[in-house]
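Two complexes, one shared chain (subunit A), two partners (subunit B, subunit C).
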Partner chain A sequence: MRPARGEGPERAVSAALRAPLGTLVKVLPALLLVTLALVGPWIAPHAIDTPVTAPYAAPVGDAPLGGDQLGRDVLSRLLAGGRELVLSSLLVAVLVTGTAAVLGAVGAVRPWVGRLVERTADVLMLLPAVLGILLVTLSWPGGGRLAVVAAAVVLGVPYAVRLAGGAAAPIAATGYVEAAAAGGERLRYLVVREILPNLRSTLLALFGLRFVAAVYLVATAGFLQVGPQPPAADWALMIRENSAGILLNPWAVVAPSAAVGLLALSVNLAASALAPQTGRKAVTVL
Partner chain B sequence: MPALVLAQVLKRTALLAVLLALVFVTVELLPGDAADVTSERGESAADLARRRALLGLDRPVPERFWDWMTGLPTGDLGTSARGEKVTDLLSSAFPNTLLLGGIALALTAALSLTLGCWAALRPGGRLDRAVSGTATAVLALPEFVVAVALVLVLSLWTGWLPAVTLTGADGSPASWDMLVLPALALTVPQVGWNTRIVRAALADEARAPHVETAVLDGLPPHRVLTHHVLPGALPTIAAGLATSTGMLLGGAVVVETIFNYPGVGSVLASAVTDRDSPVIAGVTALTGAVITVVLLLADLVRDLVTGGER
Partner chain C sequence: MSHSHDRYAKPQGPPDGTPVVIVRGLTVTAQDGRLLLRDAALTLRPGRLTALTGPSGAGKTTLLRAVTGLLPPGTHRTAGQIDVLGQDVLALPERDLRTMRGRHLAYVGQDPGSGLNPRMRVRSLVRELAVDKSSDIVGALLAEVRLPDDGRLAARRPGALSGGQQRRVALARALARRPKILLLDEPTAGLHPGLRDEVAELLGHLAREHRLAVAFSCHDPEVVERFADDVVVLDAPVPRPRTRVTGGVPAPCGEADGPPVLEVRDLHVEFGDAPVLTGVGLRVAPGSVEGIVGVSGSGKTTLARAVVGLQRAASGAVHLSGTQVRTGPRGRTREQRRQVQLVTQNPLGALNPSRTIGAAVGRPLRLHRRCAARHVSERVADLLEQVGLPPAFADRYPHELSGGQRQRAAVARALAADPEVLICDEITSALDPDTGAAIMDLLAGLRERRGMTVVLISHDLRLVADRTDTVTVLDAGRVVESGPTAEVFAAPEHAATRALLGMPTAVRRS
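Showing the complex of A and B:
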């Protein structure tokens, strides 16, 4: 019944291994940076919360990127400040992609679910994501990181469902799914066994796009001081905290800015490499 | 046609009403209220109850919901945790944010149309690849990263533009050049996004039969572009720009805190310190209304181009 030729994550991995070299080259920077952010806290030379220099000290031998507003080592805080951003963003991307996959597949079989998600997306279009994050985090003072992740997931799902639903609709209209539905298979079976296995490449691309969006949102929440709280080391928070001393020690601002910027760029590059090549359409007639 | 416009106004207004209800429910359902978060250490339960009564938080939920929904059309955005009218807090800040967002939207429209058309005229060429590649790269950058880069280069190293906004006596920015860097920081990511939309919309429209006819008639490429391709692509481009409005208003909150610009961002910065949820609820209601208006304009563009069929 099911045309999917294999199953499980092994297939996704083997597909990635067979990907052309170009795709790997584009995914590599993101992988390196994410790995560096994850292991960074272990290789930081100094503690992140004890001063080692004067406030906003210029780079010296012991602190190659100088000190921050309290004289803490900028390099150590830079190495330590990416893990939470990366982990939160990954969590958001996984949750959004998973929810969107299920809702999109259900919506393809049960049209009313699809219509409901469409209307929700129309409503959430009126709520800028940054304001949505602020709304949730300020209304939920004890929420912490959970509040940021929850808000980012809720705000991201409707758009992601549109994409997943668009890919699921043609599959739901194929003979084998219609035959299974007519044969009295239950919704759960149709979604999990018939539709989702055929959405793999769409979902991989969707995951990339949602990771890009999540990095933007989680970093912005950090910058607006509703994410990690001092004295935590966080790239976005470092930019906010040290901007007053940008003339004294520019590195305290430039280094975390470059880190966030490079993470966004490399993840975006990887996501566009994973996206199915709908082709950069040419305007050939002109 | 008028009936169609009316139907769209009704639909968009209904969606806005749903959003406003959703905002109320979010603030209401999540644990903690405005009286809790402004409480000081050692405050007794009686003090807390008194302030809750002062802020009207002791009244039943349906009653407060009714007040919130019926107050909004009259311009009443509720009361902050400190007991001030949210409308008063925003009365001078919101126009400043709209000014900044409006400038950024105009810049975005002009730049993305120019770059998109320019790239579309030389498909597959070096310029097309450079424009499309750069557009894809910058669209994911958070505004505050762009802002830091702009401040470093255009202000601290070259000294061309002021790095902070000074506020004049009337509560608006003291001089026009203080608007340049905040507007640019907002514009760069949105230009990336919209250039791709313009480029793709032009490519789609270029395959329409009437465009082929125009080309076969021997019209020069730029005339085919402006008179035959662009009009049909306009609804998609307008919808893209309308979507950017929300991103611009959200980004403005971030960018304003960097440049100390006297807008909604600075009001929200103190709301963050105080954990003042009614203020953010009021701001959300206002931006929702602005985005609704812009989406209606995009609907109107689509109706004008397609003659109302769809």
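Showing the complex of A and C:
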């Protein structure tokens, strides 16, 4: 099926190009940080596994953030240690938001699916996230990063689907969705073209939330040494390894912690800036 | 202090005759430079009922919203002044504006039902905003809007009210704050004549008794002439689109002998335990125009929804062109769905806010393969022109259209599917008389050329009398009378029909 004129990705891209400066300013930090994390391993000044200073050395000219517990360059490890975390978290957030959006929208159009999804979500929500991660990764020891991502998705969807389902329900009851259903549209069209586009702002907010939750989960897994293993560079692993020397070289702990925090903040800022203005809603006031 | 029967202590407003709202030379422009309102003027005085009229798209809603200090998103004032109780509302800080809207200004929108929280009961909806918190305030306010509480109504939620009842609950909510200025957007649209006059009289009563300055937009010249003290006529800021006006009403096709294109037999619909339709039957001959009338809450819309397959029936059957079809949302073929199209009562929610008008109207053309893919945009332009919209509207989003224009776009979308039966639920109630007549002429023309059957649900009895061959009268979910329109209207037999027509009801008491 050919998309109608004026729809689809071209329009989204052209809208982004015409976006006001304010939006650009809010999206920029997230873009920069994610890009830096992705290209970091290539621009790191030193190798991540060879000592260049004394253990927990204070910052010097050659190592601006000092050394870690084995005297390795903290800056290089910081640059190299973000890629996996960012990629895993983005992947988890996209999968969780996408699955929840589709399940929620389908549930809103087909009530029996909605009830089934809701009951299943209720049961899964009883499982604490960290326990779930441990269960999945211990029962699948060779899974590594993939096991962490799988666990984070399974544990994240139940929360997200309740939100998405709740937001989709009133849209499924609007005149235009009914008109489309009465006009003979299939479920797929109702969900993809009629409901999801009107959930954009909710879904973007949800994406931001799920990204933070994913960073938290992936970092927790790293901290528990489920996933990346030494000597790999990883922000969560760095916090754990260097916590003993925090008084000698605070940067070895503060820098990766700040990176995790900034990442979560900036992605949320970008998500809320990208949410559409209220103009295309059926406006009712007062 | 005596317990006055009057629930609205007279506002300590300015002395009579002093205008409370003065709008001068107001021009409102959208971001792309389109004019929504040009050089509009409006003066509201306490105790007077002011009507705003003009063709759809003339800026009636924009002017009312400007007085509340809330212009539609993406639009701004380019010239003029709005003075409400001595203050320029568009320059007022958010906080003061909120105080003013909370205390002095009340606005009831075109679709008041959507402003009611669906999870709250009528009782809480009205009490929530009431200045007077006494226990009988809800009953008093509901009685004031002529919605007497029968003991159950106050316990219902908005979903269990008819469109007319929702409108009056919204009005009661507006009055609960004891405003000085009451603004209403199309308060009489879609009401049957008795109720329409009642609401209009009620507004006049509120204005005079409680010294309210009342402004309402209205496209019904009769209401404006009979009830309004002052009239403000707005012209369309852009030249009116060409509307095709054919002369006269085409002759009815008469009693067709063939099998009915639409037949409903013994239909029962229940909401929970409450029966909404009880044993409803309907036979519509191909190429005819059938009218369905009844007071609000009599089940007209539910019947339409069951026919198009949106409302599951408890029992009974719907036949389309001789084939029995399901009433629920599942189990109809795409072709069966194409055959019957519905244009709904509420034009504001009828179009997807994320899609352009062109995409919405073009979709049934593609879905039902009504024309080759490369001709879709031409056909869309053609359909838009037929309903009196400029073809350039294809690139606009629904929020850039007025209520009446959206209604016409919804009609164009229904026509795009090329249906055998078109069900129109109060489609002219949001339109000015000229556009309404043009749309009805268009439908009459399609009926003649294509043999399309039209089912017209309306409160406008004159429209039904002029435009339909046969009529069915619903009352409390039952068919009380049906037959050729002229006969039913000339000699109504049932009390409900007589009441609708405004005739004295035959009193038969033992």
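Note that in this section the second predicted complex is superposed on the first by the 226 of 286 C-alpha atoms of A that agree within 3 Å, B and C clash if a C-alpha of one lies under 4 Å from a C-alpha of the other, contacts with A are read in each partner's own complex, and residues count from 1 in each chain.
Note that in this section a residue touches a chain if its C-beta (ideal position, glycine included) is under 8 Å from a C-beta of that chain, and two chains touch if they have at least 3 such contacts.
Just so it is clear, the structure is predicted and the values come from calculations on it, not from any experiment.
Looking at the shared chain after the overlay, A:Gly142 reaches subunit B, while subunit C stays out of its contact range.
In the superposition on chain A, contact is made by A:Leu224 with subunit B only, not with subunit C. Of the two partner chains placed by superposition, A:Leu21 touches none, neither subunit B nor subunit C.
Partner contacting the larger number of subunit A residues, of subunit B and subunit C: B.
Once chain A of one complex is fitted onto chain A of the other, the partner contacts of A:Gly184 are limited to subunit C, with no touch recorded for subunit B.
Residue contacts after overlaying the shared chain place A:Gly175 against subunit C, while subunit B stays out of touching range. Overlap of the subunit B and subunit C interfaces on subunit A: residues 280-286. Contacts from subunit B toward subunit A in the complex involve residues 15-16, 18-19, 22-23, 26-27, 30-32, 36-37, 120-121, 123-124, 132, 136-137, 139-145, 148-149, 151-152, 156, 200, 202-204, 206-207, 211-212, 215, 221, 224-225, 229, 243, 246-247, 249-251, 253-254, 257-258, 268-269, 271-273, 275-277, 280-281, 283-284, 287-288, 291-292, 295.
Residues of subunit A touching subunit C in their complex: 1-2, 4-7, 174-185, 193-194, 197-198, 200, 277-286. Subunit C contributes residues 65, 68, 70, 72-74, 101, 107, 109, 111, 114-115, 308-310, 329, 332-338, 341-342, 344, 346, 348-356, 358-360, 362-364, 366-368, 373, 377, 395, 397-399, 410, 413, 417 to its touches with subunit A in the complex. By the touch criterion given at the top, residues 119, 122-132, 134-136, 138-143, 147, 212, 215-216, 219-220, 223-226, 236, 239-240, 243, 246-247, 250, 253-254, 257, 260-261, 264-265, 267-269, 272, 280-286 of subunit A touch subunit B in their complex.
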